[in-house]
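Note that the chains are named A, B and C in the order they appear, and that numbering of residues resets to 1 at the start of each chain.
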């Protein structure tokens, strides 16, 4: 039985804040395939393209037929726990702090044996497997109960492998964004201790402010991602208690690269979507990285909501695609920077949203609630890569298959 | 095809460099000590050997190659055995064939490792690619965790109890008390064994070896050479070696010995019952139990019952790991793959001193090594006999 | 003694005082807001380049950016379509003599306090002239509303139907430009036009007529209550930006010292 997780006690100011240790980081290149699949929440293993044998641990050649063609293939996430132990002594600093740590051997139907983390409610017998990123951001396998059990997510080992908002304090950077109210509600429902929402240009009235302001555990704070001083100011106030930062600030104007003779919108798109992220990263990143080991409400995750056209440009939104690509690139660097503190960086790629800037796009369009749901789900599972909605998922899939083909497809209808 | 016997080749000059819990010296230091010890025992100078076989984890970035220049050796035959607990028997197999074929006249086999304060952790971090990718990130228990899983599975499959494993550990401690070089110097009772601090359930403190620095060494030469030099020697009755056996087993319950056990006894011309002593690779008791089973002393799963009825001490009916083994003498890295072999040479040559088994004519030595992922990959065994046996 | 010698003396003695009519350039200071499909007025932004640190050990400086029409700013004739063909219509072309001159201040603060859409009408001008005399040609006319004392959302006062702030009617601005031949018109609000000025005919009459006649605008002025109705000298020199349509600037006024009032 998993005990329900209690809110953290107030910190003793005389004690040094716990350091963020990471579980072992080194991996072979093949094993990074696990990390890549865990980042998207897939349970996939290498499977020989020639003989079909499932491989584990990750290999460079099939252990049955020596084929070197071992594509990552989704596997039934089920197996049987046949041996288990509780590691009480470890020379590794991370596991020394986390001990005792349960792990075991799970036999998959495909015949491979997998050493994995064990959820506290798992016993010998059938288990469900999940491929989850650990605090070092590396893909690891965990055995979970087959069925949902009470307080399942509160299991200490499972929580270590996720970035759940429960009991954590969240900063949403743009209160004016269409998805802000849905995000706030979803985070509160998921148990967030507090949601701070950034408001730019308080001198411009906006609808919905009063409703947001009236919510419990919600606080509107001044924050304009285009203003370095404002971002620094906000970080000075909230930097030490931002456990999860969700950057939903976005600026876009439709239009091809040749539709205007100026860079006004392009600059603004870079200011908000790219430089805004840079400012937030510089102001909030260091404190979050330093608080990655800070107990139940440790700094845990950074979420960037970006257009899926960061991967491949939509020529009818040329500037926005470019700015999104810049932001995606910076997100990758930020991820590397925050990894040292055990802080996850999640990219949420979206398709056309249901708002004035995609008025001409045909449905389906992304509703704010769907974005909010995807983010909370991604946080709870500790994902790094989330494609939100059918359009984004489809685009990511096509990009994976052939980026050049996708570029050509996206060019249809443009340039006339 | 019938394998060629090891006629005319012998093992001699067994030497153990007393172990130290921690050492600031490099593996090269310990290798030199081991080599000099075995050469001194045979009355040889370094330039009189023409073959050199090395096993070590902590030589990095050097290998046996670097050691030749480091130690001023000029061998015409050189080997490096990266097989951990199987390296003793494997070194023996290779060197014996080289001497037999005339590729070398005298081969010095040396296993040496140092143990600096943090070197065990560093070794675990990058022990093997599979361990790095798929084992160490899961609690970082190292071999303790791997063997905990194997022990757990063995116990649930065959109903073994912790007392069964304690039976081996307690007897080995008794043996170690006879060995002045053993790191463990105090007696161990079953009660103490059972009450020990848990490390990785069901593995507890006295199931685990103590990493240390040390070296083990011996020489291989032609029998006439040994006779000429008046050296007591051991003959090689049979050997086997196997890697990555039973890869399909979900958890390791048997090792490669089970594949080759019939060949071993056939080549040796005797059987388990003929052994005057047994040296198993004992990094955890469960693996010693498996070796008794896989090497034909009893059926699979019957190891605990078989051993329970036997006295495993030096003076018992089945002397086992007579120097105290790794569990009580210490695990000096790759030298842990030599400890049983070197002790067995002493035993069958009647030079074991305080741990000497009376009338020790024949010995079985078994090696097991390299937890590459979830199980030991290398297994090997050899039957030795004394001059008179 | 020359007039300038006298001015220097009076400045030294305090007989003439310098009043600052400028808002601080602040990233959070309101700017005009247009429908979002239009390019917007860039807010004032400041990036620190170094601050006596590893980025520059002995010096501190910033990069700044903004629109020509951010903060307290000057509108040149070329800002508006009606003024596009005016000679010397860009800030760098304007005769600098226009940057210093007399100023009349029409106090609309009471009306603006009661009505956020208060209109400056010909009648208000006529009433002011009956008290202070006819507005001299080539003088600045500033509409005092005390709007600069507002802050936050109250300043732009944006509602769903647009901004609500005082300004001149088309007739009033026609009167000032054509009948009084003023040099320029200034306000304490975000524009020279009323918040609802787009609903007049022509829309934005102050911009339309002032710039169409080659006259200037000043907006986001601060503290016009410190100016006398007449008798002050306004100093309003925009940055010399090639083809600039306006510029943030420091607006100063020379006013009689307190002991003279």
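The rule is short, and it goes like this: contacts are C-beta pairs under 8 Å (C-beta built on N, C-alpha and C of every residue); 3 or more make two chains touch, one makes a residue touch a chain.
No experiment lies behind these values; they were computed from the predicted model shown.
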Set of chains adjacent to chain A and to chain C: none
Label of the chain whose CA centroid is most distant from the centroid of chain B: C
Centre-to-centre distance between chain B and chain A (centres being mean Cα positions), rounded to whole Å: 49
Distance from the mean Cα position of chain C to that of chain B, given in whole angstrom: 93
Chain B to chain A touching residues, read off their complex: 120-121, 124-126, 129-130, 132-142, 144-145, 148-150, 152-153, 156, 198-203, 247-248, 250-251, 373-374
Touch list for chain A against partner chain C, complex: 201-205, 222, 224, 226-230, 253, 262, 264-265, 268, 356
Chain C residues touching chain A - in the complex, by the definition given at the top: 27-30, 33, 36-37, 39-40, 43, 45-48, 151-153, 155-156, 158-159
List of chain A residues in touch with chain B within their complex: 23-24, 26-28, 30-31, 34, 56-58, 63, 82-92, 94-95, 99, 101-105, 107, 111, 113-117, 124, 134, 136, 138, 140
